[in-house]
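Each of the next two complexes has chain A plus one other chain: chain B in the first, chain C in the second.
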Partner chain A sequence: MSNVLTIGWFETKRYLGDKVALFTTVVMPVLLVVLIGLSFGSTPDRLSIGVLTEDPGPAASEFTQQLESANLDVIDYTSQDDLARDIRLGFITAGLTVPAGFSAAADSPDGQATVTMSIDQTSANGGAIASAIQSAAAQFAEQRNAVRVATNALGTSDPAVADAANTSAQQVIASTGETTVDETTLGALNESDRNGFASAVPTQLTLFVFLNGLLAGMTLVESRRLGVSKRMLATPTGIGPHILGIGLGRWWLGGIQAALLLAIGALLFGVDFGNWGAVAVLAVVWTALAAAVGMLIGSLARTADQVVAISVPLGIGMGMLGGSMWPLSVVPPFMRAIAHATPHAWANDAWIAIIDGGAGVGGIATELLVLSAVTVAMASLAVFFLRRTLSK
Partner chain B sequence: MADLVLDCRDLVRRFDSLVAVDGVSFGIGPGETYGLLGPNGAGKTTTISMVAGLLEPSGGTVTVLGQEITPRSTTAKGAIGLVPQDIALYPDLSARENLTFFAKLQGLRGSELATRIDEVLDIVGLADRAGDKIDTYSGGMKRRANIAVGMVHQPTLLILDEPTVGVDPQSRNAILESVDALSTTGMAVLYTTHYMEEAERLCDRIGIIDSGKLIAEGTREELVARLGDSTAVTFRADGPVEAVRGWRDDLSQLRTVSTVQPQEYGATVTCGHASEVVAGAFSAAEKRGVTIGGVDVTAPDLEAVFLSLTGKALRDGS
Partner chain C sequence: MTGSAPPKLHPAAGGATHSPPMLSQALLIARLDLHRRLRDRSILLQVFLAPILLAVIVGGAFSGGGGNLDATIVIADADRTAVSGAVGAALTQTNTTDGESGGVTFETVPVANPDEASALVDSGAADAVIYIPAGYTAAVSEGEPAALTVVGKATSPIVTGVARSVADGINTRLRAQYIGTETAVRVSEQTGIPLDSAQLTEALNAEDVVVVADSRLTNTFNIMSFFAPGMAMIFLFFVMGTTARSVLTEQRDGTLGRVLAGPTPATAVVLGKAVAVYVLGLASMLTVYLVTTFAFGVDWGDPLGVVLVILAVVAAITGLSLIVTGLARNEEQAQSMTIIGTLLLAVLGGTFVYSASGPLSQARAFTPNGQALMAFIDLSAGQANWQDILPRVGIILAIGVVSGAIGLISIRRGLQP
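And then the complex of A and B:
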């Protein structure tokens, strides 16, 4: 056992000396979480909405510009169906339809124009978006009014006309035009549009911890290439402790990676992970699983290049299939069934249960059991194949 | 026999149809330095891998201090220190860190660990570079660090597999001196080499191995005595290819000649009466139209022993 720790400690030490490796474990996933968290929307200062413009007039495009300057990210849509679907899927929180005749209405003497807003009620950002849209609409109306005042006042310096303009301005203000927002609500079908980081952190954690675990196979290949593996086996160290030691080095590095992502999610982006005990157990089991699969690859591959060639497509492919790229709630049921051939699907299910369902360790027991069984199986296969490789 | 540190009995190892080690038996006593001398491909590394418990024998047994060694042994391996033929160190760690790592795997801790590391660094002359990464070392320094790791835990049996291959003469000498010094510490040493001089200089007893078989064993004197009063005579000869070939056949017909080893220009002959053979060789050469450009007579040595046992030179091309 102490040899396992010794090997694990020296692997960590060597890893920490490797700046490139450190970048891929720590800096990259953090960057990606931030990027994905931001683009899946919904940081408080930049909200995205879908806009369907059915009116070709100038007032309609001015209105859209007004939305953009109100710090809303405008995504253009061309069909009402697409807009409604994306709100349901949680890709956007709100959609606006600018109807035909909008410009004409806005330019009419009373300036009364109407747009339609659909909003996902369940979204945490729904309120923020609605009020951002309301205030953009109010500003747009005010601007139109001011334009009308100015137009009326233009073209003369005659005091008599100035008087008339004054009167006219008063008239305009008396009949202030409004751009009304008609509000309807749509329920989103899934949970992916909570705080964007509530899904970005666990899915990227699953993806990256796994990928780094697989790449840890390189350490094992390298250790064989250097002859250090055989040398270890010439000491009172069996093959099991040898693999466990190298795996352990990666296990706690994966743990650091996971802890970092979780801390960033919780502290910087305000994700509420719920039950931290369950979070910790799941993260520990997942990092062990990743290291075990990495050791299996490392015991089979001949070169470090082979490890990369296997790990990258495998890690990304399993991530895609298993719901680390998009939520499994948007895929058809048969794909969801296939997805559960990957450990990722089980891990992602567990994360959703913890974060959305408030589950504790007991609530994710099935997932933990499946993941642990896979870990033990992978580690055993790794020992089997490494023994074969080394005795050649 | 119970006193043996290492006892190998009838070791066999096959790789598919190739029999790399073919019934090798030998023993090493406490404090004894045993040389396994043989050309490349003779089966030295394969034998050593079985002794160190890295390779499963196809047959036979290895016992170290009375305990059988197999790839599944663990604690028993603590008695062995292995210095593999190729450098087996972490290049991105320093010599001290590599030593610490392997010493810990051998169970050393605390002040014993620190003392032993300083001791072996001194023995191999790396004390002043101990903190530098291995990949900044010269080839010879890497070899010395490689040796240090093998003996850091004071093994009862130290195994060195061709530790001087590809090393500059200075480092080679340093390595030989440190191995020589070990014999006074009571460590049993198993030393493989294809350099006759190293075996002669270091080893108390030598086993000559060829094609997986241990073909002779004994002290240097015992081995040379097996040749009787045999002497190696090397002729440099020149002439038409056919003539030289015929002349070599003549040599083998001469009285007391036991082997004739063709050389690129001439031949090496082992024989009982050097002067008679030299005279015979000259008269045969004259008849064949072959010119003898030089004669070299060497007193019997391990090279000659190997030649007389196998009919070939120990080192190819030299």
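And then the complex of A and C:
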């Protein structure tokens, strides 16, 4: 056991001396967490709509102001192309074009002002956003509509009647009781809905600890190339402790990385991780798993270049599949099923259970069991393959 | 330097040029280098397979219309009048009937009190409820104050917001009926013009002053056309770090020294390796472009524009890889600088983050891959043509030229005996 610890300690010391490695372990994940946390912030609470106003008139600006108070997140655009692009990209739910001549049409006795709502052809949100826009349009045109109803109902276009209607409509509106909407919400907001960092920290931790663990395979390849591994085979220490030692070094490093990210999340960005016992156990199991997979790759790859060539696409791909780049709640059910072929999905499920569901160790037992089983399997395979490679 | 004189046209060759020795040397080195690289399966994995595979994962993940709401809003009717019934019926009519998933589905449920309405949300039967209290329509039709209640979940604020908009719409519509009628009655009394009830109904049902027209955008954007080129550029940069390593390896093994002892200038060696990397990069990006277009039906937009961006961004990435070659003193350093550079470019260029807001959207503009991503987005989602993206192509090329020049100078300096 002490052999394993000694090898592990030397591995850690060697790694900590490498400034570049430190950069990828420490600086990069922190930078990513900050950027992603800031970019996504908290869950949006309104549908967003891009508004392109081609009419400089007062009625047009009155109308767009009305949109702001209609539960829509209004973003101004100056070009139709940009508007269409961002709708297609899904950055905004819909676009609304207020055409030139809007004000003139709205203010003329019999004109009709048409605004055009643009929405992606695959979007199912059209109805929801249309009702919000229609509601805003009706509120904007309340007095104008009343005048129009009165003059049409009386079948006259006499300006004097229109004037009288205008005055009456104003009076009627002033004396009409307010119609309001009371809002009650049930339940409490999840931590990850409130604080963007509550999802950015665990998902980036999963992604980067794993990626760094995979790249640790390079150490094993180097040790094989230099003949260290073969010499170990000849010593009483044996190959098991050798690979465990290297893995242990990476495990600790993963632990440092995880601890750093969690500390930054909790202290700097105010994330409430809930049950710290469960957080610690999950982080320990995850870092062990990452190190084990790294050892497996290290025992299979022939060159350090190969380790990199395999690790980067594998780390990113599994992160994407497993919900480290976007939550699995947004993907279709079949992708969610496929996702659980990656350990990432189990780890991310466990993080959500801890942070949003307040789960303790017992609450994530299934996930921990799966992750531990994968770790043991990977470590055993690593020892098996390394022994086979070295005996050739 | 032997090849500094400009190439001369050979009249007998019908306009063909005689390559100056340095250029042909560089091309020979490029060919050999390329040949060697293409034998390495891990490079093939990174530049051809990985970007396509990752793009497929993204395509699968977002195949279900990820941006669509999928919610049930229940109209809980305790008023039970003809008007409140009509309100519910009008809303359920807007439900999509073509079996398409997602979107907001309206249902009407008669209830007796607000607690029953809340229970619908609590039990999960509804994502949000619009509660119409008893006496609501009577109050609105008399111009009295009236209130609807929206009950939603704290965890789905957007759905609650949509329910609120719908409730606002109900209020506004009924209120407008009252105000229109009341105004018409008053004007009729003032002017003595008789008010015909049929004409009033017609006027109330006529279109509003402001009409909302619905238009659907065609040429749906496929999220793969964001992630595929993004990933391809990142892997490309990663692989290009191998230029640095191949120069340093040759330096270590002494083969470079032997080459330089001959008549081959250092510039030809570096240029040759850069050309090899450029061709490899071009092949990678074009493969990703063609495979996603033809196998997955992704529309990247104006092909000329796409090719221009690819040509420029591969040049920029080649330039950056030359800087790594020039600065790295040994293979390990080259490897580390490549990893850091790749990750920085990936993060700052916004390869992983599909978002329009936040500091990332600004950082993107300062990286060649970020600029290229924006150009690809303009071409695919914005339907820009090749002229529109020329400014971005110019910026990307400038990054390539400047970094390439810095790289070449520092490499030459390093290779001087």
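Please note the rule applied: the second predicted complex is superposed on the first by the 240 of 392 C-alpha atoms of A that agree within 3 Å, B and C clash if a C-alpha of one lies under 4 Å from a C-alpha of the other, contacts with A are read in each partner's own complex, and residues count from 1 in each chain.
Basically, a contact is a pair of C-beta atoms (placed from the backbone, for glycine too) under 8 Å apart; a residue touches a chain by one contact, two chains touch by 3 or more.
Predicted, not measured: the structure shown is a model, and the values here were computed from it.
J.: Quick check on the superposed pair: does A:Leu32 touch chain B, chain C, both, or neither? Answer first, second, both or neither.
T.: A:Leu32: touches chain C, not chain B.
J.: Kindly classify A:Thr6 by the partners it touches after superposition: chain B alone (first), chain C alone (second), both, or neither?
T.: It touches chain B, and chain C stays clear.
J.: Applying the document's definition of touching, compare chain B and chain C: which contacts more of chain A?
T.: Chain A has more residues touched by C than by the other partner.
J.: Is A:Phe91 touching the first partner chain B, the second partner chain C, both, or neither of them?
T.: So A:Phe91 only meets chain C here.
J.: Go through the superposed model and pick first if A:Val228 touches only chain B, second if only chain C, both, or neither.
T.: First partner only.
J.: Should A:Thr237 be classified as contacting the first partner (chain B), the second (chain C), both, or neither?
T.: First partner only.
J.: Does the superposition put A:Asp82 against chain B (first), chain C (second), both, or neither?
T.: The answer is second: A:Asp82 touches chain C but not chain B.
J.: Shared contact residues on chain A, chain B side and chain C side combined as an intersection?
T.: Chain A residues touching both partners: 18.
J.: If we count contacts the way the header does, which residues on chain B are in touch with chain A in the complex?
T.: 52-56, 71-72, 74-78, 80, 82, 84, 86-93, 97, 101-102, 104-107, 149
J.: So in the complex, which bits of chain A are touching chain C?
T.: Answer in residue numbers: 18, 20-21, 23-24, 28, 31-32, 35-36, 38-41, 43-47, 63, 70-72, 81-82, 84-91, 93, 106, 111-128, 130-135, 137-142, 144-156, 160-161, 164-165, 168-169, 171-173, 175-190, 193, 304-306, 308-310, 312-313, 316-317, 320-321, 325-326, 330-332, 334-335, 338.
J.: Any idea which chain A residues touch chain B in the complex?
T.: Checking each residue of chain A against chain B gives 2-3, 6-7, 10, 13-14, 17-18, 226-228, 230-238, 387, 390-391.
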